[in-house]
Every structure is written in structure tokens, then in C-alpha cells.
């Protein structure tokens, strides 16, 4: 039987293999980094809600303060989604028959909550405290973006662990005067970092980066 | 057989001694491009062939030093600098704890360099080699010894070289023909590569669509039982209870610890069932600030920040020409200037006419703070110069 | 595999050194005089007795470990039936031969403990015993009489081993009887076991118990590693000495130095490995009763002694001996051997002296007197043992293999 | 076109003198192999195994059994990954149960191969050439088995990349001060280096198989695997230097790997774990168990594949001696640990050791002590260490003992932690047992594949220790081989 011999072109092919292997490795790593990053997976989530509630109208044009609805944000870990009753403060008389508000009226009638879809949903092993942040000068806008300009609320930040840590390690750029926390449009005069550093010093803000800060 | 396709000549030997003797002869004859082949490393052949020590040890030393520096830098940078995190009182970067990993990386990089360096210096892999096509050469990896002389050698002369080899006690001398097979990588391989590359572009494109757009579906969760644990969190749904709420409603009349207020007036705005006057506790600047803040959040939307009843909601309702809309009260109304404070408190707590109750949003003390601020707001519209502290009166004159 | 190269055995007269006995006697006298000087200084100087005991222990342990290294080498060569090493084995036998005398010289530090003298071994101090609960727990082991018994056992075992092996090796020079080799091959394994146990407990008793509250399971191995380094350094130097004199010329070749160098290198690494294991585990565990020992060796100038050991006993010789070229170059190898022998002394100094001067390293005249005194006795014994006997096991069955040895 | 310049000399068949390979006679070195061996016979003997046309039935039976075991293991791992680590017996206070025991057990076994290849190479032990390939293969398969346990021990195997310093969304790095991370580096470096060492050693032999291969598939497969090796002097020159370098690198590596494994325990403050002799003691134990495994596998393999003339009784005897020596080292460590536990005066430490020997796990402790210290004492007697049955029995018991050693260290110390209220008695679950039993299936599956398709003996290396391999041999042809 004729012996098998590798043709000459296999030598060239073998030379090319390291290049292909290298490129493949770069490709795979790049693909993974690009595809599996929270910026891809988490950012941009804008679920459809039972009622097309517009933050742009309410918080933006009408300039209703965040706390009018999310009442617990300053005292509790959880920033409460308002009960239907809060909506009915106005909507008993404004657009009382609007078909878009039917789920609201039904909820009130049946004494059931409206099943809003949660947009900013951290994993259950993360313990995030809203009050700890807003009372120290971290604005809503730092994590939720310009909600007052959103017709449909959308996740704009990755809310990943690394993203949290970035701020915990260097909070200065995100610390503002407490009375400006709910003013989403507020921009610092001059250097935000400098201001933040001063405020941190004044108020003794030193966020912990211990594991148990968020995982308990 | 034409001279053009002659790659070289191979002579075969039976044992180490004849190989060594032959190598000596070939080298003495001035050949440069020749090599000896054996099934195992023949000791003592290097000086006979004039093989100079390989540079491999130096490459390996370099790799080892790289591993050492790299490992130390990596550990210092990651644990000591970029992610400084104190664990069980150990220094952020302590040399004793850094040594194991440093050591392993020195070895690992050196080993890689040894293995791949050896292959590279030997130009391996080299699957196609004219020698491997030569019929008798197959035994060289088993029990034969051989010398190969390339036709490209300056001293090579087909006949004379053959004579030389035959004269060295070779068992046989065989011509090694050049490999005439194509050196061009076949088209199908190139095509496959192209197709593969094209297919490889699809996943990044899909990911880019995902990354730069919005979507209504939640992210992919690999570990659902960690991300969604079977525990009740605020305002979440639960299958455990009939009403589907994870949060339970407290029993009617439940008070949290510390929420019970002894003072009836402070708690209800009434004294013995009658609306009271004045404030249940002293009003200072902090209370006033708080009142102003709460007023702006909860009252201002309808009554307006100035209390004139022209808040943004009212404006909006009017612009929508809502038939059911009742304009909010002007808080500077004469009637409200004289009502007892208890009345104002009562209205905030329980609502009145079209105004809903705000007890859920405003705590008891917050309500008194709002009342206090409201009084100040009303006063601001009816103030005289006497209301200004004497040391500041000058500024208003 | 080198058996094909036939090398004829060297002549007896050429490899038998002569004229060393006189020099040996001189060294013994000189040593004895210095020992007396040391004792006198110990009585005269303030705090002299404590220093004398420490200095004496340092000097004796240094030479005992050399002897132990020699014994280890001899035993292991028989255990693994090594061929290459035959030409240097006799040197190691002579080194081991110093063990009986050096062992006896341990008595001056053991006997005071019988009388409650705790200047060297604090555990021997009755006040210490009365006050320390920990020490009371350990007293069944740490007491003068038991120590004396143990030291007697160690020295007895060493003496037996040395006599058994050295006598047979020398006898073989005359008879050429291979049964001697067979006998020793058979006995090597249990002998190594006895060697390991005696060395370990010798290290525990004489060195570790200096800080009686401290303990480390690896300590015996640590002392062994240091002894092995010292042994190979000494072997290199002795071989060079007798190559220079002529007895070993043409017999101990570059190939043997290369192998001795490799073993020296290997044991430098082994010492580093053991030292690191001991240090790192204690550093990491961070338990006060253990870390205190290293803490003591980081106080004041002790810190520099510790660093000297790290660099001089490990890092520098490791790098220095890495290259094949160095191991095959006699003068380069000799320089590293001298350094390492010195470092072995520093190592023992570092083990012993912090209990004497905890505030920082210090050297006294007594230390020199002890070291050169005991050294004189050691050298005197060594020269006299070497004198008149062939330096090469003339009729060892594997001598040919050793003479023709080639590093491949 | 072949010119025959000289007739091929016939192999000289001198009547082989009957030599006792076990001879203790110092005046001569017994040959490393028995019978008349030359380059051709060695090539034929070793290649013959891999080239056999029909696979023997016994191989199929063994393979089926191994694959079954392996399947059981993977099924258990799947079950584990699906359900979580709770399916194991691990709990408080014994949070490190069988998985760690099994890991250390397999890693230990994986030490003999590199030791034989590297350290004995540096010591110029010619006898290693007959067994090093076999032992190296065993090393790699054992490390494969070992790697599984810590990998699945993390519970969520897809998170295993956290173990390496790879930039991730958490923006944190692994804790390099943790001995568990050192382990990751040590075991990975060891696995990779061993693999390269093994493969590099095989290249010339794969070339032999390539040149002898009949079928096209084999010609291509061995052709690719041997990378175009031509056995040229220049190739051998670099190859030998690389082999020496790898041996020099693997020697400290093999010491470091089990030392680092011992750090997992010894850097802690758990009584019975925190002791400075752990690194060398673990290394000795690893070599001990590794050699026992090599002997256990070698005895049937040499019988079955007809390699008795290459792997002689001498090889086995030397390995038994090494087992005895390392067994004594392990016994030494046990004794010193006990002594220092008493001498140290720490009541917790004292309790830990008394509890080992007399507590509820005394059975495990005495199993360990018997198998590891007492049983190898049989090897003091030459009659016993050259008896295949005794050898086999002792080596199997040694590995039982070494498994129990890890069990004793891991479980006993943890089961009696500082808080008596949490003391507990560890019980493995069926998943624990089946996973461990199944890991032998994986080991033997890989092993049987190796025996069937790869050169089991390092032919090129064995040839170098034949007398014919040395220059000038022809001049002394009349001398008996030494």
C-alpha cells in the first residue's frame, strides 16, 4: 500500500496555524467580553408596563418630585412603587375615564396592586439601600439616569458589581449636596470631583468595599 | 531521475560507531548541509558534527525572569493596588504570600518556552519533508542510523557525494527526491477559512444589536436560583399567600414600635375631640425647613409652591379642560388664616372634599412641620416690618 | 554506563597523605589552648559564662553538623549504591569520624543544666520552672538528666555508625572484600533511619529548646538541610585541598566537582524550600507563640542577619550555582563553597545567639575563641585521621565506575 | 534506486549469560533489562502493542468497566451541578469533605510520574527509562481526576473563571494571598508542564509509530502527532537540552505542587493542620502513593502486554524500596507531629492528636497508620519485595492508607472545631462515594486508551541505555553487557 505523505502545502498551513489560533483566541475573548458584559446584557432593558406611565410627563413636565410617589426612598432600603391610591390622588378627576388607566381603576376596585414590571432588578443576593445613598448625596440620576426625560423607563446603567464598586472606591464625582439629590437636572458648578471630595469630608462619607456591605 | 528533483542523498548505517565515523568523514569533506539521523540521541555526536550549544537555555532564562517579574507585578497590581482589600490582617502585598504564585509562573513560563522554543528552533512541526518520503528512511526512527546530505550543499556533486557515502561503510545509499507535490494551499481550505470567517462575523453583529438597542425582555440569567431566591422582598409577588403579595398587611390598628404618640393633640390635632390651636412642640428652623421641603413635594404639586392654588397639576388639569376637575384651594384664603392649626393638621391627615388624605406620605411630625411652614407662608403675604428681626429691619427699609 | 572505559586503580602510596599527623597535633594543641582561653575569658568577663556557653554550643554544633553531613553522605551512597561518588566518599567518612569527639564536646553545655544553670537553656533554671506553667508541662522532657541520657544516645548511635562504616571501608582497602560493601548496603537503610531520628531530636534538644516556648515540626529537617549544604561545601573544599596536595589529582575530576556542585545547588534550594516553608507557615498562621521566634530574629541588627541568610544562604548561591559553567570551574565553585560554609555558621549563629543578645546581633571574643578552639580540635582530629590512610577507597568494587565517571 | 555498499550484518546472537537482575553484588551492575534486546526488538516489542490489529477481549472488558465507572462519575457530577453542593456530605463543621480528600489523593498519585521522569533523570537513574512514559501518563490522568474535585467544589462551575485574574464585571481580582488560589496556579502549572513533558518525550516514539503505521488513518494521526520528527542530530541536540531543562523545571515544580496543597491546610490555625512539617511531609506522602499506584498498574500491565523483559523485577524492587523509604518519611512526620503536639503544650493541639488516635475516627487513623507505616515494613525483606502478590497487596493498601491520611487530616480536624457545640460526625452521601469510585473509571479509561494507542515505553530512551547505543561498543562486543 502506498504510504501517506503530507503534501508540501501542509507546511505552509502549519505555519499559519499559530496565527489562526491567535486570532481565534482574540476573537473568542473579544466576543465573550463584548457579549457577556453587563453593558450588553443589562443596559437597555425597557419592559412594557401594564399602564404606559410617562415619567417624562409626570416627573419632567409636571416636575412632580420623585418622592411624591416613591415615598420610602429616604427612609428605607426599598424605594416603594406607589400604591394605586397615589395615582388616584389626581386621576379621580384628571382623565378619570381614560382607557389607558383602566388597569388602575380595576386595581383600585379590586383592591389589588398593579403588577408593574421591575426595571432595575438587582440579584437577590445583593442588598442595596436607597436611603443610605440618597441621604448622603447620591442622586437618583447616578443610577437611574434622566428618568424625568424617559417616556418609557429604561435601564441605562449596568448595575453590575464592578459598576457599584467603581463608585464605592471613588464616590467623589457622584456626591452632591443633599438638597440636589432629587433634582435630576442639576449640574455642579465647576469640578464635580472637587465638590464631591469636599462634601465627603464634611459629612464623613467613606463607603465600605467589604463584601458584607452588599452581600450579607 | 533528473538532477533538478534530487533533494539529497541518504546513507544508512547499522550502528553508532559507523555513523560517527561516517559523520567525521562527511564533515572533513567540507559538507555543511548535512545531518545525522538516529532513533535515539547519540552521545558524543555534537562535537563530531560541529553542533554549537543551543540558545534554548538563555531563552528559558528570559522566560523565567519574565514569569517572575510578571507574577510579582500582577499580584502587586491586582491585590495591592487596583483592588486593595484587607483580608485577615495580611498585608495587601506581602512577599511571603506572593512567592508560591511567583514560583509557579516562573516554572510555567519557562516550561512553555522550553517546549515551544525547542519546537521552533527545530522548525517543527514540519509535516512534509522529502526525507520522510524516502523509502529506507522509515527505519531511522526504529533501528537504523543515517546521514543525509542536501543537494543544495556547495560541495554536493551527485556522483562524488554518492561515492563518498558509499565509502563510509554505509549499508546503502539512497537518493532522496524533492517533494513535487503542490506547495499552494488548496482552494477548498481557503474557501473554508473564508466561510468560517464570514460566519464568525454573525455573533458580534447579533451582540451589537443587543448592546446598542433597547429591549422589552429581561437579561439572561444563568443562575436563576441565586438571582431569584425564594424569599420575600419588598413589594414582590409571592405564591405563598392568596393575595399574591409577599408583603403582609398589618392587622388593623397596628403600630410600629416608637410610633405611638402619647400627646393626643400631637397625634390627632384635637384636644378632647375639639380641633386645637398652636403647635404641640416647639418649632425651630429645622422643623421649618423640613416643612418647606415636604410642602414642596406633596402640596406644591396642586396648591403651588406659593400656595396660591396654581400648582402644575392644576395648570395641567385646566389645560386638559377636565370637566371633573375642582381647582385646589388658595392657601392664603382669609378663612384659612384663622382656622386653628389642628384643622390644618386634620385636613392633611384625612383629606377634605376633593383633597385626598396624605397620612400615608407624611408622618405625624412631618404634617405639623408642613402646618408650621404653611403658617409661615401665609404670614409672608401679610407681614409687616415688625415681623422682621430688629437687627435686619434696616435691610428692608 | 561508563564501565566500558577502563580506568586502572590508583596506587596506594600516591593517594595516601602523609605528614598531616604533626600538623594535626599542632592544631589540637592550638585548639585546646584556645578552649582554655575561652573558659578563662568566660570566668573573667562580665556575663562571660552565658556567652561562653552560647559560643561553645555554636562552635560544637557547627562541627557536629559537618560530621552529621558526612555521615549522611556515606550512608546515602551505600543506600542508593552510588558509583560516581566513591572517590570523594572517604573524605566524608573522615568528616563523620569527628562525630564521637565533637559529640563529647556537647557535655560542657549539657552538664550545667543538671545543676540548674539556665544561662544557655532557660528551661533548666528552677525559677523559670517554678514560674512557667508551660515549662512545667514540658518538664518531663526538658530536664537535665533526660537531656544527658538523650545526648548520650545520639552520640552513641553516631559513634556506632561511624565506626561500623568507616572501619569496613578502610578494611576493604586491604582486603578488597566486596562483602564489606554488601554489609554496608544492607545496613544503610536502618542506619539512615537512626540518623534521621537522632539528628531531629539533636536539633530539637540542642537548638530548638533554646527558646523552650517555641516549636516547629520541620525544625529537624531544617537543621538537616543546613548540614547537607555545609557538607557539600566542605567536600568541595577538601577535595580541592587534596587535589592541590596531589593525593586526589587526576582522581577527583571536573566531573565530580560538577556533581558535587549540583548537589550543593540542590541542597541550597532544599534549604531555601524548608526555610521558606517554616517561615511562611508561621508568618501566615500569625499565632503569637510561634511568630515570636521570628520576631526575635527581626529585632535590631538581627534583621540584617536574617536578610544576610536570605541572600547569602539562598538567593545569591542559587543564582550563582545555576550555571553548568560555574559548577565545572574549580575556583568559582570553591568561592561559593566558602560562602556557603560561612553561611552555615551564620545560620547556626542566627539559631542560637538571639537568646543571648535579644536586642541585636553581637559577637564577642569568646565566640572566636570557642570557634577556633573547637575548630582546632576538629581539624586536629581530621588531619590525624586522614594521615597515613588512602584518601580513595582503593578496592571499592565501584571505584572504577567512579574514576571513569562522566556527566552526560 | 538503492546502492548497497555493504551487506547488512546479522544481529550477533551471543548466548546471553544468565544474570540475576536482583543481584546485590557490588562488583557488577546488573543489566537494566533481561534477555537479548536491541534497537529492533525494543521497537517491535513496544510498537507491537499499539499496532495490534485486533484489540484483545480483556481490553474491551476492562474498557467497558472503566467507561461505566466514568459515566457514573459524570452522572454524579451532573447531578451535583444541577442540585448544588448540598448533595454531598459536606456541612458544618466539616465543610471540606470527600472532594478535598479525593483531590489531594489524586494529586498525590500524580506525583510519581514527574518524579520518575524528572528527578530520576537528573539523578541519572537509567532504570527509569523503562517506566517513565507509563508513570508520566499516569500522572496526567491522575491530575485530570484531581482537577475535577476542586472545580466542582466551587459549586457553580461556570464561575470557575473567577479563579484566574481575568478582568470581569465585578471589577475585582482573585485573592492572591489565599492558598486556595496558589493551588489553582500550582496544579494548572503542574498539569500543563507534565503534559508538555509527556508529549515532548513521546515525539520521537510517535515518529517511530508513524513510520511503521500501515493504515492511512494511523499514518495521518501519528504523522501529525509526531510533527515531522526526523531524528536528526540537530533536532536531538535541542531536544535533549529541552528535556534536561524541563526535568530541571519539573523537579522543583513537583515539590512545590504538593507543598502548595499542604499550604491549603497548614496556613490555617486549625489544630492538626497548622504545622510546619506539612510541605515536605505532603511531598513524601505524594511520592509514596504515586509509586504505589505505578507498581499497582505496572504489575498487570507488564504481564499483559509482554513487557517483563523491559520492566524487570529489578524495576519493581527499586520502586518498592522507594515506597519503603517514603513510607518511613511519612511515618517520621506522623511521629514528629505527635511529639510536637505534646511538646508545644497547646491544649487544642494536644486534643487534636489524641482525638485522632482515640476519638470517634480512631478507626480511620489506625487504618492510615497501619497501611502507611506498618504494611510497607514488609518491604524490608527482599523475598517479600520481589514477590508480585505481596507487592500488589502492599501497594493497594498503601493507597488505601494514603486516602485515609487525607481523610484523617481533613475530616478529623474539622469535625472537632473550636466550638464544641458544632462538633459533628461526618457522613458521606452516596453521591460522594459514587463520584470518587467513578473517578477511578475516568482514570482507567484514559489509561486503557493510552495503553492501546500510544507507546507505553519510551523506546528512544530505552535504546540509549542499551550497550549498543554507546560509541565504541563495537570494539568491546565480546564483553558481557554491564
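Quick notes on this structure:
The letters A, B, C and D name the chains in turn, as written, and every chain counts its residues from 1.
As a convention for this text, a contact is a pair of C-beta atoms (placed from the backbone, for glycine too) under 8 Å apart; a residue touches a chain by one contact, two chains touch by 3 or more.
Please read these numbers as outputs of a predicted model, since none were measured by experiment.
Counting C-beta pairs in contact across B-D and across C-D gives the higher total for B-D.
If you average the Cα atoms of chain B and of chain D, the two centres end up 38 Å apart. Annotation: 35 Å between the Cα-based centres of chain C and chain D. Distance between chain centres (mean CA atoms), chain A to chain D: 52 Å.
Remark: chain A and chain B have CA centroids separated by 16 Å (rounded to whole angstrom).
The set of chain C residues touching two or more other chains comprises 280, 284, 408. For chain D, residues touching at least two other chains, in rising order: 171-172, 179, 223, 228, 252, 263, 470, 472-473.
Counting partner chains per residue, chain A shows two or more touched chains at residues 6. Pairwise chain contacts present here: A-B, A-D, B-C, B-D, C-D [touch as defined].
Note for the complex: chain D touches chain A at residues 167-172, 214, 216, 219-220, 223, 228. Only residues 1, 11, 14-17, 20, 23, 35-46, 49, 51, 53-54, 56-57, 60, 74-75, 78-79, 82-83, 85, 87, 90, 94, 97-98, 100-101, 103-105, 107-108, 110-112, 114-115, 117-119, 121-122, 124-129, 131-132, 135-143, 148, 162, 165-167, 169-175, 222-223 of chain B touch chain D when the two sit together in their complex. Residues 276, 279-280, 283-284, 286, 408 of chain C are the ones that touch chain B when the two sit in their complex.
For chain B in complex with chain A, the residues that touch the partner chain are 85, 125-128, 132-133, 179, 181-186, 189, 193, 200, 203-204, 207-208, 210-220, 226-229, 231, 233-235, 237, 243, 245, 293, 296-298, 301-302, 312-313, 316-317, 320, 322, 324-326, 354, 356, 360-361.
By the touch criterion stated above, chain D contacts chain C in their complex at residues 24-27, 29, 122, 124, 126, 179, 252, 255, 259, 263, 266-269, 274-280, 324-325, 328, 332-333, 336-337, 340, 343-346, 380, 465, 467, 470, 472-473, 476, 479, 482.
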